Structures are given as structure tokens and as C-alpha cells.
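Both complexes below contain chain A, partnered by chain B and then by chain C.
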Partner chain A sequence: MPPELIQAPFEVYRYEPGVDPAPRYSHFTLELPPHTPVLTALLKIRDELDPSLTLRYSCRSAICGSCAMLVNSKSRLACKTQIGPEVARHGKIVIDPMRNLPVLRDLVTEMNGFWDRYRRLEPALRPNPDRPMPVGQPNPMTPEQVDRFMETPRCIACAACYSACPAVEADPEFPGPMALAKLYRFVVDPRDGAPRERLLKIQSEGLWLCLRCHLCTEACPKDVRPSERIRDLKEMANRARDPSEAGSRHSVAFKENIRSKGILDEFKLARQTLNPVQLLESLPQGFKIRAKKPEVTKTPKPIRNLEEVQKLYELLDSSGSEEEAP
Partner chain B sequence: MKVAYYPGCVAQESGRELDLATRWVCGQLGIELQEFPNFSCCGSGFIDEANETLNVALNARNLAIAERAGLDLMTICSTCQGMLTLANHRLGDPKVRDRVDGALRQIGMEYRGTTKVRHLLDVLLKEVGLETIRSRVRRPLTGLRVGAFYGCHLLRPADEMHSESAEEPHEFEDLIEALGATPVLYRGRVMCCGFPILFVREPTANRIAATQIRDAKAHGAHAMATPCPLCHTSLDAYQNKAEAEVGEKFGMPVFHLPQLVGLALGATSKDLGLPRHLVSTDTALTRIGLIAVPT
Partner chain C sequence: MQRHDVIVVGAGLAGQRAALAAIHAGVDVGLVSKLHPLRSHSGAAQGGINAAVGAEDSVETHIYDTVKGSDYLGDQDAIEFFCHEAGPTVVEMEHFGTIFSRAPDGSLARRPFGGAGFPRTIYAADRTGLALLQALYERLGTERFTVYEEWQLTRIVVSGGRVQGIVAYDRRRGDLAEIGAKAVIIATGPAGRIYGRTTNAHACTGDGVAIAYRAGALLKDMEFVQFHPTALLDSGILITEGARGEGGILKNSHDERFMTRYAPHVMDLASRDVVSRAIVTEVQEGRGFPDGSVHLELMHLGREMIESRLQEICDFSRDFAGIDPVTQPIPVTPAQHYMMGGIGTTTRGETNVPGLYAAGEAACVSIHGANRLGGNSLLETLVFGKQAGEAAAEYARKTGPSELADTDLDEVTGVVHGMSDRADGADPARLRTEMQSCMDRWVGIYRRPEELAQAARTLLDLKERFRSVHVADRSSVYNVNLTDALETGHMIDLAEVIVAGAIARTESRGAHARVDYPRRDDTNWMKHTMAQSTPEGPALSYAPVAFTRWEPKERVY
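After this line comes the complex of A and B, so read on.
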């Protein structure tokens, strides 16, 4: 029995900078089975309705990572997204190019920014003198060592995470979720000779700009879970040395703050995190907030049974900052 | 219903208006709040980045406290909700569980994993119910267009948060509608407020907040509302900095979730701590007739 067909109204972003006066949307309605991938539908539009539609794709099997775009404003691989659920939820399918990357034409974006931020992290094994890799010889790892990579080798560099990331959007220094997930992969690789150097370097190169919003993890079509690997990197970076970056100072100061009262001392945290210049600069805003919310500079009362919390610190946080450092 | 009330740090300090509004609304709707002055901070995502096991243990202790009283734990903060739920999830890993159980034993506590962590939003929707809330509305927020701002950790990571629709949630909008207001849909509602890096790189955090406020405004929102006091800090207490950073003027009132409910249920501005906001809520209160139109 042939599958039931659905009406799928498409609105597809069209724009060629320097040629078109402004972006516009082309409207098409197709009749297709609900399990049809968005990519298949777009190719049908290009082949049968509008040969000028420009898009990037190759494998059609969620392996090459070429066809990432916005489907109803979510970063998706077009080949891995079916039209049925999109039409059911939105009544239509709106297609845009990825965010955070300039448009070359229609759905094709310029990827240099994505790759440049990745290359800054030196994504290649650095020789490990303790573990030479003679050419032609196998270099075996234990299953435990392989497990530490987690899901990161699955990454196909499609840039869906980069497109979804608000830190990428707001700060050119942030390397992006994919770059950091890949960095994690080198830090835990027993064949790499410079994990500690990598951890020290990334602290001043954007690691602490991650917002832990997990939008990358939701966008990733391969379940690499970049936000969780960035969390791991932050913990390892914190353990690799005394905190000197503001982000690192902030998380360690927060931890110590809770040790002393069990509840956050907001004013003390600001004093612990900010350097003297930043603290001075923050004063006018601080006074504005304090005028409405006088508690901001008051020291809170410790929680009841604080000794229980402090015992947990003693048991689980006393083994020193080098614990589990790579 | 009775819950173990977990106000979180901010609602006991700079965000005290959230605690005020929660108590007022819960009092009206018969949600009994049992207090536990021995609850500790949830770690807010920061302790997690310094020491994951310690953070899980702190929250296992919080959960064990509620569990001992036989109550579900109710949060009023997306981040508390996220961190406590994540702890429940991570304690499913036998290696983590062993280590945490061992530490808890030494302070005479036990985690069994029977306590549910529920945000006030969820309690309002599932326990009180929209029908009841609708019937209790004394001052419908008619004409007020409200942009819900969820806060990341209420929604994501979706698997761990058991979010039914992390990318396109509707629960908050359903509540806004029940109060008589008109929910505004915009991309920013599920985005980040910038708070986590407010102390790390303030201009970037301000730009991120500005992006979401601008988006809500462009979609016609008269006000925003959030279930997270950290988002509130970013969107309200630092809104002037966000405006300065991008050179625009927003003047966007931002309500805590229970403040919006309280307004519809007939509370006064003072009951809900509205004068404590950095951005005046007067434009929104004028629209719902709580204060007279200025002449």
C-alpha cells in the first residue's frame, strides 16, 4: 500500500549578497509521504520547481555533515529531519541558512569562521615522548582509555552546534561547542603529549565563555553532547592549576563560598571573582541594585547543620587540586 | 498539597521579591510550603564545574532531607531545578552513587532516590491545574502581552530534565493564557539570558540579554516573565547595562513567574515586591488597570 501523502508548505530563504536587494522567502507546496527527509524535499524543489535554489549537501545519510540548516528555526541536518513532524507542529516548514555564519547564497554559508575558531585549538595529536608512535606500528589503547573519549569521535563537524550557540553569536573569542568537544578529545587522548598545556591555554582562549545553556547538545545530530564535554574540560582545567582566569576563579570561589555558609554570600562572591579594577567598575551598578535590594551587601546567616555540608567538602574535596588531573 | 520548599539562595537574598510572591500565591492556592533551614545551595552550575562529585553530593543531601520528610521538593528557580534534577540523574551511575552514599553515611544521611524535584510552574499546572487557576483569577491580565522566558536549566539537557518539548515548550504560555494575558512567542524564550558569564565577561553577558529582550519586544511583548531569578537578574537588574552595551532603550518590565500569577489573583504590587525591580513595572500595571493611566 503506498504511504499516505501530506501537504507540506515550504518557505525557503533566498538571498545572494551583492545581487539581491534583500533576503526573501520562496513559497512551495509539495505533496509527499510524511517520512520524507527535508533534504529530499528541497532537492525536489530544485529539480522540478526552481533550479536556482542553492544548497550544500552530499551523502544524504547524516555522515558528511554538509546539509546543516535551520528547519523551523532549529539547527538541523536536512537529511535527518522528516517533514511529517515539522508540518504537524508548525503547519509549515520554514528553511533558513545556519546562524552565526555569513550567507554566500540561499542556504549555503561561508564556513571559514567555524573552521578558524577550530584551528586555533590546534586539533591534531602532539607527540608524546612517553608514548612514541613509530610509523606502521599499532598504538593500542585500553577499553577504559577509549571510553574516556565519550561520544566525541562521532562528531561530523556539521556546525549545527555552532549555529545554535549564543556565546558564538555574542563573542568572537568563544571557540564554539564543536571545537571544545574536539579539544576534550585530545586532552583525554593517551597518545597526546600536551594535555596540560592545552588546558592552560584554553582557559584564556574562551573556555569560560560557555554559558552551559545546552543548546549545542540539543542541536547536535550525532549526540556528541558538547556542553557536557565542555563541563568536563572546565573541571579538568580547574584542577590543572591555581585559578587565574575570571571564569575559573568564579567557579572555585563559588565552591568555597558555599563551604563557609552553605548558602551563597552574593557580595563576597563578587569580591572573590572580580579583580580590583573590575570591582571598582562594578560599583555604580552595585549601588543601583543595592538601592532596591539592600540584601545584596548583607552577609547571609549560615544554613542549619552547616557542619554536614562541610563534612561533605572534607570527604570529597580535600584530596587537593591535582586529583584526576590529566 | 504539601511540598518541601526549596527557595534557593537568590530568592532569600537579592531576589527576595520572588520568595514573597511565591508565599503569597501558594497561600492563595493551598500549596503548603514546609521549610527546611538546613537546605544548602544547589551549586548553581558553578560548583559542578569545580567538582562534579561534590556538587552531586550536596544535592543528594538536599534531596535526602526532603525524602526523610516524605515530600517532593519544590524549586522556584530554573537553575536549582536543573541542578537538583541532574543530581538525581547522575546518582543513577553506580560509581557516583557509591561515592556519594559513602559520604552521606558519614553525616548520618541516606539518599534513596524517591523524591521528585518539581518547579513551581509544574506544581501550578499539574497539581493546582489551569481550570482552578482560571477560576481564581480576580484581575484578568487582559491586554497584557507577555513573553515567557524559560531559563535554560528548566528545559535542557532535555533527556535529563524529562522535558516534553525542550525546544518548543508551551507550559508557561498555557499559564500566561489562563491568567488572561496574551503569550508572545519569540525565539529568545528558550535561549540563554547571559547570567552564567555576568561575572566573567559582563559586556558579552549584557549583549546576550539584550538580544533576548529585543526579540521579545520586536514580537510585541509589553513585559517578560521568568521562572528563574538568575534570568531575572540578567534581564531586570542589568537591563540598563544591556541597553548601554547595544545603544538601545528597552524599558522592558520583567516579572518573576509567581508575581504574574499573584497580579491576576488580586495581589497588590507591594505583596509581590514589585517596587524592588530595577526596571519599573508601571507600564505593565497600567495596562491591567492596577495603576491609573498617567495624565
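After this line comes the complex of A and C, so read on.
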């Protein structure tokens, strides 16, 4: 019984900077079974229609991380994305190179920025002078301790998260979701000698620049859930020492604000988050906001049923957090 | 021109471990890899790494299982050394930061694997290779050395009776460059893409093995090609032996657990050659499913166990086959998986060419002999990667500076430009596809003399057509068309050696099963095949197998 075939119209980004005047799209239409991976289709195009189509690929089983690209505008692994649902939803398959990385040619990007950010976090176990490795024996570690790594060991460094991240686009200082998930992996490792130093350092090196949009988690083909690991890092960072960065003060102030009134006191939030210099600098913006929305600068009254909110806080506090500060 | 004491080619586990050892020995190291190191195929290894660390297990049993698994073609002195290194190697990787799965008491968790007397395979869920690769990469990253990332080896320069360096192609810029080295370590891994149906990544094209062969290195036991019993039907994507180690069973279309007939004692956990032949036999005798598969059943293990210990397998089956292993059997058939053969080396990674070393799947020590046991290849990369790194550093320290003339660079440049300058010629993708279907059809699990002869003729024809291979893409940036052509040339050379060895070896041993010679022939064939490159094709000679304490016996599982 021959498998059912579908028409899959492809529009593939083509560009060689310095050679081509501008990016363009090549059009190909293939007839393939709907479960065909996008990578298989692109390699078929390479082998049979256009050998100059340029992309990175290797394992074709979502473990080497080579083939991340935009499939109908979403950061995806081409090998793990099937053509059927894409055609059904969009009528065609538009392929672009990843975002936030300069194009070398077609779908191949220069990834140095991605790797540099990862290396900057010093991703290697640091010796613990108080607890040397047992001689000739593995470190004991329980299954529960292994579970604390969460999904981070699954990361294949494909950079789909980095491509999907608006904070990376907006701020060159932001380490990006993958690097932070990697950092988390070292912070929770009972063998690492410097988890506290790592947490304190990242406080001022971009941890709080995450926008909590969760697009990284949505893009991740390995379910690493980088945004959840960034959230965990923030919680651990706040517990590691008194909130010092604007970002960490903001998160603590936000929480206490709601706890005391059940509604956000924006003006108070700003005062609790920013230092005096930052406050002065933001005065013009403050006046603008007041002109448009005067209610923001008024101190709000506690909501009715405040006790309900406070009960929720009590519940949250008593349940504790999974992540303890090292 | 760049110069290093030691150049390591390939940045998977063997290459990185070799680089680390050479750096620790105090020499200057260059690491050349056509992929970013974290993209290496070592990361795709799923099941685990063997070390006899359990109280009930022993190094002695590991040695015996490996000797038996090799169908007595493994060198016993090398196997003894290898198994003794297993424990310390795993401990070192744990100290480097590998996140292994754990038993409730905090020790390293172990699972049973094929051909092993005890649960001996230490693992990190079903992504052990990735866990090791990440930890080693991160450890190596704390050292000082030079990385040539996305540079592809095109030639090993040998003159004056020793290695002088390499010529390599920068994939991102299109430059060819000569890099001087006193010693070169080849750790370029598998060549599985010689076959169409393979578990191997697209990058596994045997570049280093073919280039070492052209540089005069002897290739050993190349006819022994491992077919993994359980690969997904359409894509050939690997389903780890760990799935059977955790209790998965194989069934035919009569709902029979057919391995009871082929390996009554250990059934689904017999060694890979045995299970692969059993599957092919079932299908050929009409007990396969209509799509030509048999079924791997995991359903009885329960959702929690499947989703925690076989997480990647779950994803693979769902994403690439549309099968949920929690509720459905997985249709599988064998696929090319591993080359037991490779560049012939000593246990220190030395080859017959002074200054040339090899380790990992690219090498053949031989510890796997005619059939490799699951869980031994990750161990091999680390044990012999370290040995090769130390030996190459030692050699480099007592060797004078490399001397390079531009002859080799000019020659390679001429060849590469010739491929794109000619107006027309053979399409590399077409040659590759024809080679792959030739090997799939005629050089598979069961080998017939007339089919092997047909394969040899086809390969000669492909080799001839390759002389006029035409690269249509003229760009200097990331020219995959060009690297595809170079790789196809490498693979055709290696395929020729595989077929020559298979035609000559008139016996059945391990993974080499000749239908016209169904029995092992220790009188005539207890020896390693050694292939040397000549203008007329591979010239075969034979070398003795090293025996210490284990007398050959019939293999029963």
C-alpha cells in the first residue's frame, strides 16, 4: 500500500553576504509523506534539485543540535519537525535561518556569539577545596540529587532558544536561555565548589534581563525548559544574599507589594526597585506616565478579600520552594 | 603557517580525550573537527558504558564476555588492558562532571546489556554519550589549546618516513591550509554513511580512516560491520539496546518471542550479531510484519519506567515513527551501526606510519574483534583516546620539528579546484546514493559470494566515475556540495576495502556471515585482515590474533 503523499511547497531563504545583493527565497515543491521531517525534505532538495542549498545537519535524530532554523517563523530543529502539520497549518513551509545570529550563507549562521556567552559562564565543575573528589571512587549522588538537575542535561546546544529570545535581541549583555540553563546545571551540582559565587556573579551579568516570556521553553526541542531554570536561578539568587540588583529588588518588592495590598502599588514598586540615582533619572518618564494615567501614582487601597490573597501567600510559603539556595 | 606538536583530528570522545591527555603531557595541541565538538556523533550514543564495578561482577568476567563477544578475533592482551582501565575511566568521567543515573544507595546505576554476564552498563538515562561528551568538552575547555572548528581533514602529510602535518579545509571560509605537526591522531569516528540504512549521523563518513589509508596506514578487519538489531523502520534511527536491557522484548508477526529459539539462555540480550541475524531470518522465513519489521515491545514495562529511563527513545518513536512505545510496539529492523574495523593500532594508538596515531571507532586495536558488545565503544573512545594522546605527546617530544613543503597543499588544491572547474561530470550525491544502495543490497548481514562480487564491480565503476566528480556549487562559504564530494570519495575507498575483506574471508565469524561458509574456521581464519592501499586497490595481508588465556569455544548465548 503506497503511503499517502502531500504536496509540500517550500520557500527557502538564500543569501550569501558580500556576494548576493540581497536575500531571496528559492521555491521548491515536493511530494512526500506527511510524516517526512523538514530536514529530509531539505536534503532531498540538495541531492536532487539544488546542490548549492547550504545548511548544517548531522544526526537527523535531534541529538546533535546542528539543524536549528526557522520553520514557518518558529525556531525548530528541522529533523524533528514534520512537514504534514506545517503544510496543514500554513499551506507552505517557509524556511529561514535562526534569528539573533548573523548569516554566513543561506541557513548557516555564525554561532560565535552563542558559544561565547556559554563559555563566559565558565561551564565546568570547579573543585571544592573543602570536599575533594573521593580517590578512585565516584562521588555518591542519590537519584533525588540527579533529579535536581531537572531537564538541563538534555540540552543539545542547538540555539533554538537563543534564536527565539527577545532579550538576546534587545540586550547584548543577556547571556541567553541556554547559557543560563547551563549555569543552573552547575549551581545545583553537589560536586561543584562554587555555586554561591556563580549565583552572585550572574546577578550582575544579565540574570535579571530575562523577560519571562517563555518563548525559549516553547522553542526548545528537548524540553529543557530554560525559562523555568532561569526562574529557579532567580529564586536561588535572591536567597543567596539580600536583593541588590534592580532586577532582584523588583521581584521581591513585587511579591511584598501584592502581599500587603492585593494590588500593585506602582509608585512604591519603583521606589523599592530603583536606587536614588535611577529614580532621579526616571523622573521625566514618571511625569509622562502621571500625565497619561494619574491613577498609577496614587497609593492604591487594599483590595476587598485581601485575606484570600494572604492565605495564598501562606500556602505558598509553607509549601516551600523546590530550589534551595546553595 | 600554523604548527603544533600534536594535531588531533576529530573532536568526539576519543579526540577530546586524546587532546586532553596530550595537553596534560605538556605539548602544544591543535584540535581539528569538521563539526563543533558538541555536535560529534559520540553524543548520539544512548545505552551506556561498561565497567565491572558491581560487587557481583568482575573485570575477569568483562574480559571473558568481550573475548567471547568478539568471536575470538579480539586481541586478548588488548582486551585485558581495556577492561582493567574501565573502572578508573568511568570514575574520572564522573569527576569531570558527567551526570550519571544513580542507584538508590547513591552508587552509579547499572543496566544489563547484550552479551554481558552481569548488569555492567553504567548509564545516563538513554543519552550516555551526550552526558559524557558534555562533561569532557567542559573539562577540556579549561585548558589551553587551538581549535580548528569546522575544518575538515583533506590529507595527512607524510615525508621522510614520518608524519609532518596535515592539509585541512576551512568549511566556513573555503581556505585550504597546511598545518605542521610532529604527530597526528585520527579520531574521526565512524563511516556508517557508506550504507544507506544506518544509525549513524550524516557526518559519519570515515574521512580520517580513508585519508590515513591513502597515507599508507594499514586498515584492519574492515569486513566486520556491525548491524544494530533495533533501528526504526523508516529512518534507521537507533533504538538503544538499553531498551531490551530494561526488559523490552522482540516479537514476530506470530506473536512469538522468537529469540527463545536463537539464544535460549539470554534471549533478547544475546550479542548484536546474533540478534540481527535472528531478525533477518524471521523476516525472510515469513514471520515478519508486512512492512518487513519485527516488533520491539516495551508496553509491559509501564509508562513511568519507559518515560524516565528511556526518555529519548520515547521521543524518537513519537517524533520519527509516530509510535507511542507506552501503548504500541515499535517496528524495528537491523541497520548498520558500527565498524569493528579501522586503522590498525597498538594499545597505545600507534599505527604502522611513524607519527600517525588513531583512537576510537576510526581505529582497530582490536578489542571488538568480529563483533562489538554494547557499552564497549564509549569505553573504547576514552581508554584508547587517552593512550593515543599520551603516546603521541611522548613521540612529539623526542621528534624534531615538522618539515612541510607546499607539495601536498598544491596537490590537494589542484584536486579540489579540479572538482569545481570541470564543466560537467558525475554528481557527488548520485555517486553517494549508488554506493549506499550497493552496500545495503549486497554487503549486509548475510553475505553471498555472487553479491559481494557484484558489489566489487559496482564500486570499481563508482571509483572510476568519481575521477570526474563535478562540484556545481562554486561558493567558498560552507560549500556542502564540495565536502559531500570529498566525503563520498573517502567512503568509496573504504567500501572497497570492506568488500575485498569480505570476499577473501571464507568463513562466518561474528558480524561477517557468509552463506556459503556458515561456520567459523579457526584453522584458516583466526587472523586479522590488513589492507594496504595500492594503485590497483586494496592489497590484503593477515596478522595473528593475540591470545593469552582464553581458548576459542563455540559461541552460545
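Assume the second predicted complex is superposed on the first by the 300 of 326 C-alpha atoms of A that agree within 3 Å, B and C clash if a C-alpha of one lies under 4 Å from a C-alpha of the other, contacts with A are read in each partner's own complex, and residues count from 1 in each chain.
The rule is simple: a contact is a pair of C-beta atoms (placed from the backbone, for glycine too) under 8 Å apart; a residue touches a chain by one contact, two chains touch by 3 or more.
Bear in mind the structure is a predicted one, so any value in this text is a computation, not a measurement.
Chemist: Which partner does A:Val146 reach: the first (chain B), the second (chain C), both, or neither?
Modeler: Only chain C; A:Val146 stays clear of chain B.
Chemist: After superposition on the shared chain, which partner residues are touched by A:Asp171: those of chain B (first), chain C (second), both, or neither?
Modeler: In the superposition, A:Asp171 contacts chain B only.
Chemist: Regarding the shared-chain residue A:Arg131, is it in contact with chain B (first), chain C (second), both, or neither?
Modeler: neither
Chemist: A:His35 in the overlay: touching chain B, chain C, both, or neither? Say first, second, both or neither.
Modeler: Touch partner of A:His35: chain C, not chain B.
Chemist: Mind working out whether A:Arg24 is in touch with chain B, chain C, both or neither, as first, second, both or neither?
Modeler: neither
Chemist: Output check: A:Arg271 vs chain B and chain C. Expected answer is one of first, second, both, neither. What do you get?
Modeler: neither
Chemist: Looking at chain A, which of its residues have contacts with both chain B and chain C?
Modeler: The overlap between the chain B and chain C interfaces on chain A is empty, containing no residue.
Chemist: Which part of chain A faces chain B closely enough to touch in the complex?
Modeler: 73-74, 89, 166-167, 169-171, 208-215, 217-218, 225, 227-228, 231, 234-235, 238, 246-247, 250-252, 254-255, 258, 262-264, 266, 269-270, 273-274, 282, 285, 288-289, 292-293, 295-296, 298, 300, 303-305, 308-309, 311-313, 315-317
Chemist: Quick one: in the complex, what on chain B touches chain A?
Modeler: It is residues 9-10, 12-16, 37-41, 43-54, 57-58, 61, 99, 102-104, 106-107, 109, 152, 156-158, 166-168, 187, 191-192, 194, 196-197, 199-202, 204, 207-208, 211, 237-238, 240-241, 275-278 of chain B that touch chain A.
Chemist: Residue numbers of chain C touching chain A in their complex, please.
Modeler: 35-36, 38-41, 43-44, 88, 90-91, 94-97, 99-109, 124-125, 127, 130-131, 134, 138-139, 141-142, 172, 201-203, 235, 237-238, 311-312, 315-316, 319-320, 322, 427-429, 433, 471-473, 475, 477-481, 484
Chemist: Tell me, which parts of chain A touch chain C in their complex?
Modeler: 16, 19, 35, 37, 43, 46-48, 51-52, 54-66, 80, 82, 104-106, 108, 110-111, 115, 119, 123-125, 133, 136-143, 145-146, 149, 153-154, 156-157, 185, 189, 191
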